[in-house]
Amino acid sequence: MSTGVVRPPLGRFAAQHLVARNYLVYRRDWVVFVTGFLEPLLYLLSIGLGIQQLVGDFVLADGSRVTYTEFVAPAMLAASAMNGSLFDATFGVFFKLKYEKVYDAVLATPLRPVDVAVGELVWSLLRAAVYAAAFVAFMAILGLTGSWWALLGPVAAVVIGYAFAGAGMALTTWMRSWQDFDFITLAVLPMFLFSATFFPLNRYPDGVQWLVQLTPLYHGVVLCRGLTTGALGVDLLVAVAYLVAMGSIGLAVSSRRLGTLLLR
Amino acid sequence: MTSSPGVPVTDAPNGLVWRQFDHWRVRWRRTWRGSAVTSFVLPILYLLAMGVGLGAYVDEGGGRESLGGVDYLDFIAPGLLATAVMQTAVGASTWPVMGAIKWDKTYFAMIASPLRTRDVLVGNLGFVAARLAMSAAVFWLVLWGFGVLVMPWAMLAVPVAIVVGMAHATPLFALSAWLERETGFMLVYRVGVVPMFLFSGAFFPISQLPGLVQWLAQALPLYHGVELIRGLTLGRPDLLADGAHVAYLLVWCVLGFVLADRAFARRLAG
Amino acid sequence: MGARPLGQTADRPDVADPPLDVLVHARGLRKSYGQLEAVRGIDVTVRRGEAFGFLGPNGAGKSSTMRMIAAVSTASDGSLRVLGMDPATDGPAIRARLGVCPQDDTLDSELTVRENLLVYGRFFGLSRAEVARRADELLAFVQLGDRAGARVEQLSGGLKRRLTVARSLINEPELLMLDEPTTGLDPQARHLLWDRLFRLKQQGTTLLLTTHYMDEAEQLCDRLVVIDEGVIVAEGSPAQLIRDHSSREVCELRFGVDDHDGVAARLAHLGERVEVLPDRLLVYAADGESVAQAVHDLGLTPRSTLVRRSTLEDVFLRLTGRSLAD
């Protein structure tokens, strides 16, 4: 980018304009927004009505007993925050980058690549927060929350979304075709299944436990489960630090990559 | 270019479908590795997590009785096969079909040649069937590796899985050719595919569900696929019930094809 | 506008058996989409070896007509024979002998340049060896030989259009149909494409094209019909149309005032006809220079004066009262 260009003052948060753009598009597709609440809810119901009837109660690390649905619900909260933000940051960004060519037009204005990256991220997190709030409310109605800390569920979802959206967007800038998204699926699915989501960490052999603890979703699950069950510990702070670091690195990489891709 | 007739004028109309062989062969060559790896890795992951990991809690927690006396792994293995072919069918019958109409417009190029809209539809469905066959076969091999197949009935699971997939593919072809905007897929996915995936008896018997939901699950094709394939992999098919399941799935296939045929004709050559 | 739609007044010879050298024979052809009548009864005859054009603004019904001739859309009414056959029943046999180059390319973006030709040729029942031979020949013809392995998405608009032309020739068609072949291309790409199409014409391929560009119609077409709001308003060679519907020359005057109508009244006697456009006045006359002189003698001082020969644009303006660019 030429440094000699005079920039009209855009305010400190230029990315808001991209957020506004996405809001405008989204408002027209309100059905999509509303049905977005449905998916995690359905998972929760199928676990409550289905699997919980087949398995007994679970014992948490601090010794408290919970039903299977109470155990899985926070993991669903974390996983849907991951899925939602990843979807926006990968498929969504790729579609806009390659097909709709939204960013080519955006970057012809005073907005910079970093504004685009931040704008997309903020947009995705706003939605994550709204969905998470609805999910936590639903958990409370079903009696699946064991602590007032559950009110922080949406914040946890935003932190998780930040981590995955940042990383996902960075990866997307290297994607060549839809085929490459198979790699994302192949990375996400094992995390979804094995990050202490459906059964506790102690079910694994020691070596595998160590591996699971390296994955970002594991930390997301720890964070959400700690908050909704009220079993708090230092591991929650570790989780937050891990996720924030992951998102920040991803964001830095993506704004740099978007710059090289779009401003050639 | 000379103006001599450059092509065989026409051959038997059925030959028109086969003329698309190279088209799909080239596409297959470009994509089969990805889908083969996915069809191989996904079942392993699901079986390990749900069948082995969660299964231990089910088996210890006394869930076997509700499952008709089988281990959870044996119970969900066929369910996972059925849901996997369903998902493959959904993937191959939504975005690519709309893309060939709306973005790439490859269907329009195809019908500018001697191909008719029905040839294009049949050719594309044939490709979907081939993909279903590959995914089902790979999945089947994984199940075999996990030792959850009871021979010889389990041999029939792959051809039956193709029918299960096609029962989802043909109506979705109709829908994709009919929809103007891709946001419709999001709805289909969230309101149709996800609930069907969760409540069709793949992960737990639908008898645990409230009556109305049970009834809904039975109206959709996936439940019948799950029941059919489970009977085969457990080695205890029920000829009468399974015949009804097959018949019901075929109704979906045929009805879907008729609708898709109409939608293709209307959208491509209206 | 004195023009009568030709399609509704022309004689209707027996449509059952057009002569052998007639490739397209349409009488009273109509197409409606629900309430909308896109084509409202047109008569067209295209003979072997000629380059025939549909000239008209966007939405005139050109593309609908082309789709019916290409046997991918059924006529709502009227009779249509293409290559002596009925598109309603012999679609595949007709399409086997047509080449179609649609406006939006419809290339397969997941395939390479050469694969697009290989795969497409197979739809015509050609053997793999034959398709491969023709693909290489055609890529050379449209000067894409060095891009054979490239993915379609990497091509510019001009290269994509050339590939589409190559693809439409894979079955060595008797009739090549081109829908707005150079719309959206830069001048250099247009000229290259025109050159290729001209060569095809010289080799005896019959061309049928739609365009809303005058220069394109004048460059390529032996004969054309002017089509507007679903009906044919004139027919002939470009030169003949200009002769019949316009004067030899035009004097274009820009006054930079809003009072064009008032000025036009004062100029009316200077030429055969005066047209008032939003930004200028057109005076039609055999000798444009003397009109310019006469304007000056009247004491009027236009900001600019241009004397030029009549074009198809003027024909269109005369026939429809609208300019083609609308």
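The letters A, B and C name the chains in turn, as written, and every chain counts its residues from 1.
Everything below uses one rule, namely that a contact is a pair of C-beta atoms (placed from the backbone, for glycine too) under 8 Å apart; a residue touches a chain by one contact, two chains touch by 3 or more.
These figures come from a predicted structure and were not determined experimentally.
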item	value
Top chain pair, ranked by number of contacting C-beta pairs	B-C
Central chain of the complex, centres being mean CA coordinates	B
Separation of chain A from chain B, taking each centre as the mean of its C-alpha atoms, in whole Å	29
Computed distance of Cα centres, chain C from chain A, in Å	53
Inter-centroid spacing, chain C versus chain B (mean Cα positions, whole Å)	46
Multi-partner residues of chain B (at least 2 other chains)	30
Residues of chain C whose C-beta touches two or more other chains	110
Chain C to chain B touching residues, read off their complex	33, 48, 70, 72-74, 91-93, 95-98, 100, 102, 104-111, 115, 118-120, 122-126, 128, 167-169, 171-174, 200, 203-206
Residues of chain A touching chain B in the complex	29, 31-32, 35-36, 38-39, 42-43, 45-46, 49-51, 53-56, 58, 68, 99, 179, 182, 185-186, 189-190, 193-194, 198-199, 203
Touching residues (chain side chain B, partner chain C) in the complex	1-11, 13, 15-16, 19-23, 26-27, 30, 104-106, 108-116, 268-270
Contacting residues of chain B [partner chain A, same complex]	30-31, 34-35, 37-38, 41-42, 45-46, 48-50, 53-54, 56-58, 60-63, 66-67, 72, 103, 183, 186-187, 190-191, 194-195, 198-199, 203-204, 208-210
